[in-house]
Every structure is written in C-alpha cells, then in structure tokens.
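Given below, in the form of structure tokens, are the structures.
Here subunit A shows up in two complexes: once beside subunit B, once beside subunit C.
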Partner chain A sequence: MPWTHAYPGAIIVPDSSILSVKDLVVAFPGVSGEGVQVVRGCSFSIGRGKTLGIVGESGCGKSITALSILGLVPIPGIIQGSIKYQGQELVGLEEKECEKLRGAEISIVFQDPSTALNPVFNLEQQLVETILRHKNIGSREACDMAIESLKQVDIPDPQKRIKDYPHQLSGGMKQRVLIAMALLCDPSCLILDEPTTALDVTVQAQILDLIELIQRSKNMSIILISHDLGIISEISDEIAIMYAGRIVETTCPSEIINSHRHPYTKGLIESIPKIDSKKKKLKTISGFPPDPQEMPSGCPFHPRCTRRLEKCVKLMPPKTLVNDNMSYACWNPV
Partner chain B sequence: MLKYLIRRLLLSLPILFGITVITFGIIHLTPGGFTSIQMDMNPNVSPDSAARLQELYDLDKPLYQQYVLWVSRLLRLDFGRSFLDQRLVIAKIGERLPATLLLSGLSIFMIFLLGIPLGVYSAMHHNTRRDRVITMMTFAGYSIPAFWLALLCMLLFSVILDWLPMSGIRDIDHDFLSPLGKFWDYVLHLILPVTITAFGGLASISRYTRGNMLEVVRQDYIRTARAKGLAKNRVYYVHALKNALLPIITIIGLAIPGLIGGSFIFETIFAWPGMGRLAYDAAFGFDYPTIMGIAVIGAVLTLLGNILADVLYALNDPRIRL
Partner chain C sequence: MLEIKNLGKDYTTKHNGIIKTKNLLVAVDHISLKLEKNKTLGLVGESGCGKSTLGRLICRLEEPSRGGIYLDGQAIHELKGASLRRIRWKFQPVFQDPYGSLNPRFTVYRTLEEPLRLHEKPGSKDEIHNLLEMVGLGSEVMERYPHQLSGGQRQRLGLARALAVGPELIVADEPVSSLDVSIQAQIINLFLELQARLHLSMIFISHDLRVVGHLADEVAVMYLGRIMELAPAEELFNNTGHPYTQALLEALPKLEPGRGRLRSILKGELPSPVNPAPGCRFYSRCKYRRQVCLDYENELFSIDANHTVACCRSKEIK
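Let's look at the complex of A and B:
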C-alpha cells in the first residue's frame, strides 16, 4: 500500500487553507531509465495568515518542493500530484498563467542571497520591473513604491541605495532587498527558503522579526523552509518535518518538544545545541540521508532509526492522524 | 574614466613600438627584397646601378638606421611613398580603405546583429527541433569553406538567376545613375560579398552566444527573474543576455582590426578594391613603406579595439571600475 494514498487529503482543510499540496512527486528523468524522484509524495497545506515551517536535512527536497509551487522546477524535472492555490490547480498550469501568479500572488525568497540578484542591473531596475509587470502604474510611481519597499525592510538611505548594484551590498542587505522584492506586489503567500542561513545570528533575528511584522500587517501566509528547528518553532504555527522527499510528521511548536512521535523528529530535537548544556558532545543522528537514487525499501528512515522493527524494512508506514494538524508516519512512534 | 583612457593610450605606445619593430624586422629579414625583384634576373642591370637603387631607397644602410629613419618620418605622419608606383602610401591606403571598411563593417554588423539573437533564440529553445535546426545550420556554417560557397552563390545568383552582380563594387554605368540608383547599385553589389563574409562569423557568434546563454540561464538570478513573474522573452533577452554579452564584447574588440585588414581571398573572388589586395600586392612586391603603413594602421586599430572592448565591458558590468 503506497503511503501517499493511505489517507488522501488527510491534513487538508479545504476552506481555511490558501495553498494545499497533495501527493507531490518531483522526478528528474535520468539519462537512462525513469530517473530519480527527489520529492516522493509530499502533502501539506497552509492556512490564510499562518506560517508553515518545513524542516529537514540538506537534500531532502525542501527547495524543490518550494520551486514546484511556482512551477520553477529546473528542466527536465517533472511534477506530479496536485498543488492548489485558492482552489486553482497549479500543476500543469499554462506558463503564461503561472507568470501572472509569480511575484504577484505567490512570492519566493531564495536560499542564497549572494547569487540571487542579477549583477548587471541596479536595485531600482530589478525592483521596478517587478512592479511594472504586475501593476498598471507609471514608472515614476513604481520607483516611489520601490523606495518605499526598501524602507520597509530597514535599508538605510533607500533613495540612494536603490541606485546600488548587488555587489555593493552586504549579504544581509541583499537578503533584505530580496524580501522587499518578494513583497512588492503584496502576495498572499510568501515562500522563504532558508532566509537566514547565510546570515549571522543578530541579522538573522532582525530579519525574522521583520518578516513577522510584515506578515501581521498584511495577513500573509508564509512557508518557511529551514534546517534549523529552533528558528522554525519560534515563528511557525505549524511544523512539517521532511525526510527523503516526504513529510514524516506534522506538528506545532507547542507540541514538538514534548509530544513528537517520529524518531527522526526526536533525533532533530536532540541535535539542537543548547548554550547551558553541560554535555560536551552533541547527539547526532547516525548515518546520512539516503541518496534519492538508492532509496531504501520500506520506511526510508529505517537504516538510521534506533526504533526500527522488522516491518519498517519492508513496508512504508502510513500517515497516522493525531488530530487536525498533527500526524506522523511511523510504525513504532515515540 | 577619462584618466583610465589616457593611461591605456599611454600604455599602448610601448606595445605599438614593439609591433613596429617586429614587423619591420620580419619584412626586412625576408629573403629577397625590392631591388632583387627589379634586377636579379635582369642581365642589363650593372652591379653599379643596383647599388645606386639600394642607396636611393636607403636600403644600403644598417637595419636599425632604416628603422630610425622610418620612425622619424612616421612621427611627422609621413608614411612615405610606395616603391612600386611612387605614390604616397597614405593615398594608396586612403583609396582602398573605404571599400574594405564598408564590406567588413557591414559584415561584422550583420554577424552581431543576427548572430546574437540567433544564439539567444537557440538557447531559449534548447534541445527542441528549432534549436537542432539552427545547430545544424551553424555547423554547416563552420564547415563549408566560404570561398567555395562564394563561387556557388555567384553561379546561382549572378549567372543562373542573374539577380545580383557578380563582382566589383559598382557597375560600369554607375556614374550615369541617379543618386538613388547609385545607392541601389552599391546595395546590389554588397549583398553577396557581405553575406558570404558574414557566414562563418555568424555561425561562430551564434554558437558562442548560445553556449554563454545556456551557462547564464542556470544562474540563481535567472530563477529570481522568473520568480518575479517576468515573461520568458524578458528573462532571456534582458536578464540573461546582458550577462552573456560580457564575453562576446571581447570578440567585438578582436573584430575591429579585421575591419580594415580585409580578406585577400574574398576581395579577390569578388574583385573588391580593398585593403586585402593592397596588402597582398605590397607584400609580394617588397613594397616596404606600404606594408609598414598597413601594419601600423592595423596595430593602432587593434589596440583601440582592445580599449573599446574594455570600455564596453565596464559599461555593461557595474562590477568593473575603470
């Protein structure tokens, strides 16, 4: 029984959710054979004005999932499953229709700010073209809007800074500019792919505060992708734990520490460093995440799992509901 | 910027000096010489008159003295007179240069005007049938010898179809035509030579552009541009192309000297009265002043082309400061 069909639409509450992803599969056809699946049946949904945090190790498919929402999975990737934005199916949507949504309804801030801005255009050019693409206003007005947006993300001296080229900005500034750019057209849904990984801790905190502030003022939904459970549980309403292209547990910040069910979640929590901890050595999850080309049979986590049963090696655990927004997929939960 | 230009120009002087020394050395060290063509096989020439001729042209002096003499004349912008017909070198170049400038200018213009969009288009449709058709055409462009294509085209368009003039730059009755007729006459005469000389370059520039574009569209900022909802054309022709142009600018700089050099092969095939012919005749006639004149102008243009490329580079890429 494939896990993805165990409880179709299990965590989807149709009316309140603005974006719902169901059984998403992203595959890259290889030179030979049917290729590799890097996202393998991922389902989640996000409510209006809410923040969903997606956590997982490097390579588990977080960025690819985010890209598939915008239809930007790199060629030759193939998307299957369903992504519904306000009832509209995005999988298989015409490119022209996708373009209208991108940047206007759904925005994304990419993982690495240092390479995400075009080096040969200044900020004004890059900001204004976004506005002109989606809004029917003059370029003077658009320029004022662009300056306003920089002010909103706390860029000092925006009138002057807007003439800068990306190489003249620090990493934190670039990240702010990218956030400003994503917010230009007041999207209803913002995807942040590791918005703080490239930044130092103080700047990290500033940016997260800024995001929360803007979210509240605009009632925007946010998908926050990170491999840092600490950041995620600080600002999310719901948390999805991703492993090897699947969501293995959904929970919420108040429950995650004490009533997590999946052994992988447990491992993640135990590997968070604590300042006041006396222990010298951090606990880690032994082994490595599986290579998408050689997925283990049964539960993909079983080779690294300390609670492994015989069953785990053979059968994929189905998603088990705890309540409306909590679920896990494990044969032998914590 | 101005400071940079002045510095670059000054830095070019030693290079120019080096180029003239080497060219001067090579042509004077080539076996044979102007006087030997005139006299070696001629039984009527006495050794005495041979020596007089050598003296007349300063060819009896040591090489370094000849060079110093030549440079001192050059500094007064005196390129000397041709050994072959005693005419001023500058005048000989002056009457050939416009034809070559016209032909190579148009050809280079065509190469970039068509080659770059063709490459972008090809990259946009990467791995589709359109891309493959363009790829096939460009490979044909590489591999078909252009002089052979020239002959085929002349046969087809001038002999069989009789649409275009076969060669030359204007018709015999050119002088009797109206201004518009004159213009049209030039256009007709230019079509074949420009197309043929642009052919190979077009293939390589479009191929080069395609390669650069495919490299650039993988970059993160292209994904950002798409994530903003920009149309595909804008993403490719504005965001990607401006980055992909950077290496192409270098090639534009390299193309500048070709602008005046002309091509001996094509100028011969199309009986085009340009620099290529002039240089060829000068080289085989040991016409030192003409060869050196062409070499100096070529060197100056090459250096200017390099500077131009650097300036264009800086204009296109804000990370480069001049």
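Let's look at the complex of A and C:
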C-alpha cells in the first residue's frame, strides 16, 4: 500500500551501465507507526567509467540512497525496488554477500570523515586491516600496499605519514586517506558522499582534481553526492537533481544552465550567488523543503513552485523522457 | 565611519614537549581598513586565516594586541567597562550558528526583549513584532524556543536580535554558511534588503568567495592573518592582483562543464600560523615566488585607485 507513488514507466537502461537503480523506496517507521518514505521512487543508472552527480538540499535523501546501494540503510529502514549491479540484484541480498561486494566491487567514502577513521589506531593499522580482510596476502605485503595506496592519493612522505593517527591529519589529508582506503580493493564503482564539504576551496579543488585523475586511470564509475551544484557540474557526466526523496530531473553539465526543465532546478541555479553580480537581489525559492512526515500531495515541490497548475496539487507528475540521459518530472516544465 | 589601523592580535599557545616552550600565534596582523556608511566589506579566506578573530576584535569581544579601531572617530579599542557598554549598541555581531549564541531557554520574544532592556531601550510588544516582520518571521514564532525553529529561521532571529538595538555596524561571521542553497539565497537577500533600508554598514565574513562577491562593495582577501588583496568585488575578479586570490578564483566551482579542467593551482596545504617564517606569508604555496619575496613582509600597496595588494610580484601575475 505505501508504495503507490513510485514513478510509472520504466527507464531505459543502456547496456553499458554498471549499476542501475529502479523505483527505489526507503522507509523508516514514523511516530504514528506508519512507514515514512524518505526515498520515494528513485530510478537512475550509471555507465562504466562515468560520473553521476546527485545534488539536492539537506534531508532530500541523498545519503540514504547511497547507503541503500551498499545494503547499509540503518535499521529499521525498509528498502523496496531494485538495485542491480552488473545484472545482480542487490535488494534482498544476504548480508554475507553484501559484505563481499562492499569494498571489493562498490566502495563508499562516507559523509562525515571524522567518524570514518578510528582515532585509536594509526593509518597503517587501519589500512592493513582493511587489506587483510579482503585479500589473502601476508602482512609485509599488505603494508607495502598500504604505503602505495597513500602515494596514489598524493600524500607526501607516505612511509612516514602512515604512522600518523587521524588527529594528526588536516581535513584534506583525512579525505585523501579515506579515498585511499576506499580504493584499496580496486572497486569498479565508488560512491563519494559530500567528499569536500568540510574542506577549504583550494583543498576542495585538489580533491576534485584527484578524484578525476584516479577515475581516468582506473576507468571507475563514480557517484558523487553534493549539495553544491557547482561541484557537481565540475566533474559529473550526468546530473540527477533530487528533491523530497525523488529525482526531479536528470540532465548533464552542458545542458543544465540553459536547458533545464524542472522549476526546482531553475530555482537552485538562480539561488547561487555569483561573484560579480553586484548586490543584485537573488531570485529565490520561497519556503523550505518538506518534512518527510508531512509530504505534500501531488508534486512535492508544488507549495514552493511559481509554475504550479491545479493538477500539480493533486497528481504526482510522471517522469518524462527527453532523451536517453535527460528527463524531468513536472506538469508545467520550464 | 569605521577605520582600523594596523590592528593585530596574538595568542600564545603552550607546547608541552620535554622543554616547555611558548609559541606565538599571530592570528591577525597589520590590518588596516576603512568602511563607509551604508557599505559592505567582505572578508574572505580559508579556515584559520583570522576572519573571525578580526570580527571579534571589531565587535570588542576581544582585546587587540596592537593597533586601533575607530568608530566615527572615536577610539573604541580604548574603551572599557561602562563606557564600552554604553556604545556597544552601535556595533552588533551576527554569528554562523545562532543556535550556539541564542539562549535555548529563551523564547523568541524574550530573546528580542533582552537586548532592548540591557541597552535601556525597553521594547513594547509592537516593537518586537516589527523586528520579526523586518526579518521575515511571522508573529506565530513569538513563543517558540530556538530548537523549534528551522536553520533559516534561527538565522533570521539572530539578525533580528542584532538589529533590535538599532546598530550602525553589523559584523556577520559566516551567517549563511550552514544553510541550504535555497535558504542561503533568502538570507542573502534579507541582508541586502535590510542594509538598504536601515543604512547599515556591514562586515560580512565568509569562506565562500561567491557569497562575499555577491554581497560586498569591497572584498578583503585574507591569508594567515594578513590582508593579501583589497578591492571592489568586480575589480578583484577582473583584475586580480594577488596569486592567492587567483588560486581562490580558479578553485571556485563553476556552473559549467568542468571535466578535465585543472582546478588546483596551489600545491600543499596551509602552513602553520605558529611562529611564521619571515618573508611573504604565501611564499610556501606560491607559483610566482622568487628570492625577493623572502625579504617582503606583505606591506600593502596600491596598484590602482581602490585596489591594494600584498604581493611584490603583482605585476607578473596573469
């Protein structure tokens, strides 16, 4: 019963896609005992060696979507829909199987870097442990591999730095270590959840350069999650714009500015201040994103939308395909 | 209306090695600035460059180690005790996380009534109602506590509290940094609107050059406690005079396809601000550096009317 809002119509999954998510729904028990959907029918796919950027505001469901892919949605969350990795269905997979996949095939760098490293072990201990968990090699060899992994993410003096504890590292260094850790077992797909949010711009720029470089050398697929449309445009091939647990538009960096269709996308673009805009008033989206407990009827964006029609209030807009990579879900597109 | 002359602030940090040594951390140094009525000065720079310290000094929340702050000609850095308290209403801070600076046990009403009372301007319910309206809050929030407000609403309340006493200068430290883009845009507009309406002078601190460039008349770029470049936003952008500003601009995410673009022209990370080496503060990361830079102490000089830089090789920058 709770799943009636899922997008109708299937998406076209190109053959080259490595991961495809279809009608993903994630729900948590709400106060009244009924399921509260925080991801509400997301579909997307990602090609081999490509970067998909997922952008949206706080609470729209970006992290939960990422966690679903790895089977890490916190208990008591419930997943519905389909997540296929190289044809294999991941929804409903045994935890033991999931664990085998994590790290080796699909890897994630979590949103909060301070919680992802254990403060009582040095980098060597943490890296070697991860390697030994996945690989059947000696500890000497694992240690060399750990140093190599730090070199790969441009950590200067890796032989020495590997003895450091997490608190001895700057934010940028920590993020590099986490990326190194995620790459240890050569995954085919890497998920980066807000990898630069806590970093200064010049360090952010270094990390983005690094991500792009590594991706190119390994032909890896990347899902990049960010609330900053600028960062997403920088390194993505495709962009998914998320609002209130749904993907409201899919597009690409070369089209988003001039050919966006969803009013929310338009609002997001106009909300970004420009360095040379000389104190002009920004066009803003009024109000704020809805609480999953009190989702509006019809299109979830309708209470904030200036292009709202009567039917927007009642009916959920279906996903409309523009071409293979572009779609929108809106009754009155821009 | 505000003039800052050669302002500096040091902290001593204790280092507990085998030998106890005291380290000198120069948080801000040689800061000289002018701000006119009704204008906004943006302070931008990366974490630890001294933006908040400078903001706190200007609001007299901290004692400067040297230099002076003059408000309408009055040397406010010399004021203490009751005489300081008497003019505090003139300059008001707004913080990044109003949650931390708002009393969690005070309702919205009480939060706004308190400063009015402290500055002997007791407010009527009408006045508080007006304040709320000014910052775009409805009177239905009057009896709510800070935790019952959204992030954007709390920022509006923080601004209302600062405005309650009718200040001439607002020092806003990262007031939009923790907000979502759509809410951030609303608050940026609120700042613009209120400044025009109340003829406020404003110091607006942010690590985001986009935000600062949008809001400010003039922008000061800071690095390791020093001003590296000071110019109107447009001039800074079109006629960049400092390698650090150039690196910041290059690193800014652009709203266009960026694949394959090299974003980081700066190698390495910020050096420690403790016991800085002599010479240009930016030397360790600068791609234009030469021997001469080691004898240069980042004195600011003009390269154009309204445009000063602290780089001795500014002419070489393209």
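Going forward, the second predicted complex is superposed on the first by the 315 of 334 C-alpha atoms of A that agree within 3 Å, B and C clash if a C-alpha of one lies under 4 Å from a C-alpha of the other, contacts with A are read in each partner's own complex, and residues count from 1 in each chain.
We take it that contacts are C-beta pairs under 8 Å (C-beta built on N, C-alpha and C of every residue); 3 or more make two chains touch, one makes a residue touch a chain.
Please read all numbers here as calculations on a predicted model, not as lab measurements.
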{"item": "Combined model on subunit A: subunit C and subunit B, fit or clash", "value": "fit"}
{"item": "Partner chain(s) touched by A:Glu95 [first = subunit B, second = subunit C, both, neither]", "value": "first"}
{"item": "For subunit A as apex, the angle formed with subunit B and subunit C - C-alpha centres, to the nearest 10 degrees", "value": "80"}
{"item": "Which superposed partner A:Arg140 touches (first subunit B, second subunit C, both, neither)", "value": "neither"}
{"item": "Which superposed partner A:Ile235 touches (first subunit B, second subunit C, both, neither)", "value": "second"}
{"item": "First (subunit B), second (subunit C), both or neither touched by A:Leu72", "value": "first"}
{"item": "Partner chain in contact with A:Leu178 - subunit B first, subunit C second, else both or neither", "value": "first"}
{"item": "Comparing the two partners subunit B and subunit C, which touches a greater set of residues in subunit A", "value": "C"}
{"item": "Shortest CA-CA distance between subunit B and subunit C [superposed frame, angstrom]", "value": "10"}
{"item": "Subunit C to subunit A touching residues, read off their complex", "value": "40, 46-47, 150, 152, 180-186, 188-189, 192-193, 207-215, 217, 233-234, 237-238, 247-264, 266, 268-270"}
{"item": "Partner subunit C, residues of subunit A touching it in the complex", "value": "57-58, 156, 170-173, 200-206, 208-209, 212, 227-231, 233-237, 252-254, 256-257, 267-286, 288-289"}
{"item": "Residues of subunit A defined as touching subunit B within the complex", "value": "67, 70, 72, 74-75, 95, 99-104, 107-108, 110, 112, 115-122, 129-130, 133-134, 165, 167, 178, 181"}
{"item": "For the subunit B and subunit A complex, residues of the former touching the latter", "value": "126, 218-232, 234, 239, 242-243, 316-319"}
